[in-house]
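Look for chain A in each of the two complexes below; its partner is chain B in the first and chain C in the second.
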Partner chain A sequence: MTPSIANTGAERGAAPASRDDRRLALWTAMLRVGLLGIIVVLFIVFSITAQGFLSAQNIENNARQMAVVGILAIGETFVIITAGIDLSVGSLLGFGGILAAISLSNDLPISLTIAFVLAAGLAVGLLNGALIRYGALPPFIVTLGMLGILRGLTQILGNGQQVAFDVPRFVNFASDSFLRVPNLFWILLAAGIVCGIFLQFTRRGRYAYAVGSNVESARRAGVNVGATLLTVYAISGVLAALGGLLITARQGQGDPNAGTGYELDAIAAAVLGGASLFGARGTIAGTFLGVLLVQIMTNGLNLLNFDPQVARMLEGALIIAFVFADQHRKRLAAAA
Partner chain B sequence: MDERSRRQFLQSGASAGAAAGAALLTGCASGSKSSLGSVRFAFIVKTPNSDYWQACLTGGKNAAKQFGLDALQFTGANSEANIQGQIEIVEDAIAKHPAFIVLAPTAATALVPSIEKAHNAGIKVVIVDSAANTNAYDTFLATDNHAAGMLAARTLAEAVRKKTGSPAGQIAYSTFLSGVGSLSLRDRGFLDALKAYPALQLVAHKDAGGDQSTKPISIVADTLTRFPNLVGYFADSLITLQGALTAFRENHVDSKKISLVGFDPSPQLVRALRSGSVDGIVLQDPYQMGYGGVAYGVLAAAGVATPKNIDTGVVAATPENVDAPQIQGLLNPMSQRHMGFSQPA
Partner chain C sequence: MSAAVSMQAAIEAKRISKRYGKVVALEDVDFEAYPGEIVAVIGDNGAGKSTLIKILSGAVIPDSGSMAIAGQSRSFSGPRDAQRVGIETVYQDLALAPDLDIAANLFLGREPVRKGFFGALDFFDSSAMRLQAEEHLRDFGIKVSKIEQTVDTLSGGQRQAIAVARSVLWGKSVVIMDEPTAALGVAQSSLVLDLMRRVRSKGIAVIFISHNLPHVFETADRIVVLRHGRRVGSLDPKTSTMDQAVSLMTGASVDTAPGGS
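Moving on, here comes the complex of A and B:
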C-alpha cells in the first residue's frame, strides 16, 4: 500500500502537480490491477467449472454481448471525468434505434440512415452540454429530463410498437464476424481506441480532467470550459446513437423499449473501471475492464445455471466494495 | 365446436348481448337514442407498447365506436414489468367512476386491491388476457394459457420429430418474467404436456427478469453454449421468442437440427416462420379480448348476468399453415377479416 496519497480534485488543483500526479497514476494502476485480478480469477474459475465457457462460440457471444453497453460506457466515462453524469444515454440509444428502424423501413439507404442517426445523437449531446454549461443547470437534472423526453418521443415515433424493416445486410452486420471476431466487438474496439487516444493525448481530452478537477481553476488556466463540456456530451450522444444503430441491427427491428436502464449499466461499468463521480478520474481502458467484468460474471453464472439476477446482485455489491476500498485507502492516506 | 364456429358463436353472442345491453340502457334513459354514449368506461392494458396490446386496444376501440360508447381512456403502463404504474392508472380510473373497466392485470396479486375497490364501488370489471387472484370481477376473457402452453409443447415435439425422426433429446425454455399469471400457466401447460414425451429431456429454464432488450438474447445464447446438443427451445412470450431467434441467428444455429416454438407474432417472427427458422408461433386473439371485453362490459353495466370465464382460443401457426385464412386473420388483427365486422368509419 502506498502511504500519503492526496488525490482529491481540490488538493491536486492547489498543490504542485508532479508528485501527486505520479501517485495518482500509481493509484489508478493499482485499482486497475485489482479489477484485472478479479477478472483473471473469474476467468480461471469459470474455465474449470462452467462447461462451454472457453468454447470459441461462447467467447464470441461475450464479445458481442458486451459491445453495446461498452460503447455507452465509453461515452459515459468522458462525462464522468468532467464530474458530470449522462442519464440520457439509455433513452438516446432507444431513440437512435427507433430512428434507424423507421428510416430503414422507409427505404432510406443504410449509409444515410447511419449518418442521420449519428447526427441526431450529436444534436442531443450538444443540447445536453449547452443546457449544462450555458443554462447553468446540473448535469443530473438536464440528462434526467432528456431521459424522459427521449423515451416519450421514442414511444410516440414508434407508435408504441416495434418497428419492423427488412434489410438483411443491416441485420447480418450485427451477427457476422470479421477474422472470427464479431463485428460488434470491432466497433467497440475502434470506439475505445479512438476515444482513449483522444482522452489521453489531445489537449481537449486532457481538458476534460481539468474541468472535472476544478472548473474555476481550469477556466483561469485558460481551459475553454464550455467547449470541453460540449465535446464530452457530444461524444456521449454520438456513441449512444451508435449503440442504438447496433442494437436495432442486432434485434432486427426497432424496439421503443431498447436501452431502458442502460444508463445505469454504463455508469456502473465506468465506476467499476475506476472513474469517480466526483470527477477528474477515469480511463477508457478501466471502463473497458469494468464492462468485461460484468459480462464475464453474468455469462459464467448463467452457464452454471444460476438465476440471472444473482449476477446483478454481485455487480451491485462489487461497485460498493470497489468504491469503499478506494475511499478507505484515501482516508488512510490522509491520516498518514 | 370447431374453431370457426366457436368464434362465430362468441361474436354473435357478444354482439347480440351488446345490442340487448344497449336496449336496456336505452330503456333506462327513457328512450333517448344517444344514451349508450353516456356509458363511460376505461380500458387498461399492461402496456400499449407492443403489437399484441395494440391489437387488443384496436378491438376495444372498434367495439366502442360500433356501440357508440364514451371511452375515458385506452391506456396502459410504460412496460409490462411496471406493476405500480398500472395500479396508479387503475386507481385514477376508479376515481372517475366509469360504468365499467376493462383491465389486463400486469400482476395476478398486486392488482387485486384495486380490482376489489372498483367492484365494491359498483364499477363492473371485465378482466382480459391475464388472471387476477380475486373473484371480484364480472367476466374474464382470456386465452386458456394452460391449454396454450400444452399446444406449444405438442407443436415443439412435432417439430423435433420432423427434424430428427423422433420427439427425443434435450430441450430448454425461457420465461419473460416469473410471477406473471398468464406466463406461469403457459409454462405449467408446457411442462404438463411434455410428460407425454418422456424422451424430451428438459435441461434448462431461464428467466429474462422482465428485460425487454438484450437479456432475452443472452440467456438463450448461454443455454446454447451450455447444451450444444439441444434439439428444441420454447419461449413463452413475444419478447423471449424474439430474443431466442436473435440468439439462434448469432450462434449460427442450424434450423434443421434445433426447433424453436414460442408465443405471439411480429413481422420479423412471421418472416422467420416462413423461412423455417421458427417452427411454431402460438397465436392468441387479443383483438377478440379487446372487442369482447367492451361488449361484455356493456352487458354487465346493463345488469345482464355475464359468463364468468370465456376462452378466446389459440392456434399454432407453422411454416405449413401460415397462409391459411384463419392464421392470416390472427396474424393481421388490424385487418379484422377474421372478425366478420366491417371497418367502422
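Moving on, here comes the complex of A and C:
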C-alpha cells in the first residue's frame, strides 16, 4: 500500500469543491486588496473633492495625529495576536502623559523623565501580564480594572486639572520635522519597524502567534507561555507610555483626560488591519494600514464639512464589514 | 521484531506503581519496548493504560518503581526530562497550533536560530526550518501541497501525520502515541498505521494505546494487556487471536497462555 495523505480530496465531490474554491479565492483576494483598495480610493476621492487635502500642512497634521493612536495600536496588535485584549492602553497613555508633565514641571531632565515614564509603562504591562497568566484572570477583566485604576490615579495626580511645564525642547520635538517628515511620524515608523521585525522574525514573536493559536499546544511544545504573555503586555504598556510622552509633548501640558477612549481606536485599527480577536492573526503592517484608513477617512470627511460623528459611524460599520468578510472567508476555507 | 533478548530496551520500566488516593491505577507493572518495535498497550477502561504511558512520557511521576532509557537509569520530573532523552508523545488532541504553518508546527518551541548576530537577537532560521521540514516529511512519505499551509487547512489524517512527524523529528528513541486512530476514518487510519511502521523502520520504539483491536493486531509486534492496574499478559499478534486479547482484557478466561513475555 502506498499511502498519500494528500489525496484525500478524492473523498469529496470535485465539482462543488471547485465552485467553493473559486469563491474562497475571490473572498481572500477581496480581503487582501480590500483595506489598501479602500485607502487608495478614499485618497483619490478626497484629493479631488476636499480642498486642502493634499496641502503639505494637512499631510503633516495627519502624520502627527495618527502617530499616537498608531503607537498604541502596534502594542494592541501584539496582545490581540495572543488572543488577549488590552483595554488599559488609553488610561496608561493618560497616566504616562501626566507623569511626564509632573516630572518636567519639577525640573527633572528630559532623559530621566522619558526613562521614568517608560519604566512606569513597563511595570503596568508586566503587572497586566502577570495577573493574566499567574492569576489566571481573563485579559478583558484585568485590563478593564487597570483602565479604571490608572484613569483615577491620573486624575488624582493631576488634581483633575492640566499640568503645565515649561520645557521648550520637549515641546518642540513634537512640532518639529526631520527631512520634512514630522518627528512624531518617525517615532511611529521606528516603533512599527522594530516591532514588526520582532513579531515576524524572532522566536518570541512567533510564540505570540503560537499562544494565540492554542495555549495548551504551545505549552506542550515547550513554549514558555508565561514569558510570552509578559512580553506582549509589556510591549503594549511601554508603547502606551511612549504615546503618553508624545501627547504631552504635542499638547505642551499634561492632560488628565488624554487618551480617553483611545483603547477602542487602537483595537479598531488592529482589527481593520486583519488582526483577529480570537488570536493568531494580525500584522504590524496591517495595523498601520488600519490606522491610516481611519485617519484619512476622518480628515477627508472633516474637510468636506461632514459632522465628525459620521466618520465614527463609518469606522464602526467598516469594522463589522471586515470581520464579517473575514469570518465568511474562514467558513469557506474550512469547507474547502 | 519481537523482544530480541540480546538487544537493550529503548525504554524499560520495572515494578511501576501509582495510586490516586485509594484508587490503584498501576501496581507492580513491568514494561519494555525495544528499538524498532511497535508495542500496543490494550485494556478496558480504567485498566491503567493512560497512567502507564503518562509515566513513560514523564507527565505523571510514579509512586514506586524504576525506569531505564537505553540501559541508563532515569527518573523524570516532567515531560521535558523525557523529551531530553529522546522520548516524544503524540497526544490525542495532537497539540498542534492550527493557525501556524506546517514547518512552524514541526519546530514549535525548538526553532533553530540564525547564525551570528541575528541569532543572538533570537531570530529564527525560517529557510532552514522549511528545508528540514520538507526533507523530513518526504523521508516519511507525508505529502502536503505546501509547507507554508496552515495546519487548520489539513485533513484529520494529515494533522495526525504532522503530529507524528513532529514527534519523530525530536523523539530519537521512543515515540508514544495515545489513540492515534481514534478520530480517523478507515482510509486515514491506514495511512497513520503505515506511518507508524515507517517510524519503526528507523529503529525507533513505538508505543501506542488503542481501543481498536483490528488496528492493534494489524500493526503491533507485541501487545501488552493491562487489567485493573496490573499487567496480565503479553501477546504475539501473529500467534494469538482477538478473542484471546478480549479474554485477557476482561478476565473472562484465565487459561489463555500469555506468550512473548
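Definition applied: the second predicted complex is superposed on the first by the 303 of 336 C-alpha atoms of A that agree within 3 Å, B and C clash if a C-alpha of one lies under 4 Å from a C-alpha of the other, contacts with A are read in each partner's own complex, and residues count from 1 in each chain.
Heads up, the rule we're going with is that a residue touches a chain if its C-beta (ideal position, glycine included) is under 8 Å from a C-beta of that chain, and two chains touch if they have at least 3 such contacts.
Predicted model only: the values in this text are computed from it and were never measured.
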*Would you check which partner chain A:Ser111 touches, where first means chain B only, second means chain C only, and both and neither mean what they say?*
neither
*So, A:Arg220: does it touch chain B (first), chain C (second), both, or neither?*
second
_Which superposed partner A:Val68 touches (first chain B, second chain C, both, neither)_ = first
*Check whether chain B or chain C contacts more residues of chain A in the superposed model.*
B
*Mind working out whether A:Gly212 is in touch with chain B, chain C, both or neither, as first, second, both or neither?*
second
*asked:* Output check: A:Arg281 vs chain B and chain C. Expected answer is one of first, second, both, neither. What do you get?
replied: second
*Looking at the overlay, does A:Arg203 come into contact with chain B only (first), chain C only (second), both, or neither?*
second
*Mind pulling up the chain A residues that touch chain C in the complex?*
1-8, 11, 201-204, 206, 209-210, 212-214, 216-218, 220-223, 279-281, 333-334, 336
*Could you pull out which chain C residues touch chain A in their complex?*
79-80, 83, 91, 93-100, 104, 108-111, 113, 121-124, 126, 141-145, 152-153, 155, 157-158, 161, 187-188, 190-191, 194-195
*Complex contacts: residues of chain A adjacent to chain B*: 50-53, 55, 57-58, 61, 64-65, 68, 151, 155, 159-162, 164, 166, 174-175, 247, 250-253, 255-260, 262, 298-299, 302-303, 305, 307-309
*Considering the complex alone, what residue numbers of chain B touch chain A?*
47-51, 54, 78-79, 204, 206-209, 212-215, 217-219, 221-222, 224-226, 228, 242, 245-246, 249-252, 266-268, 271
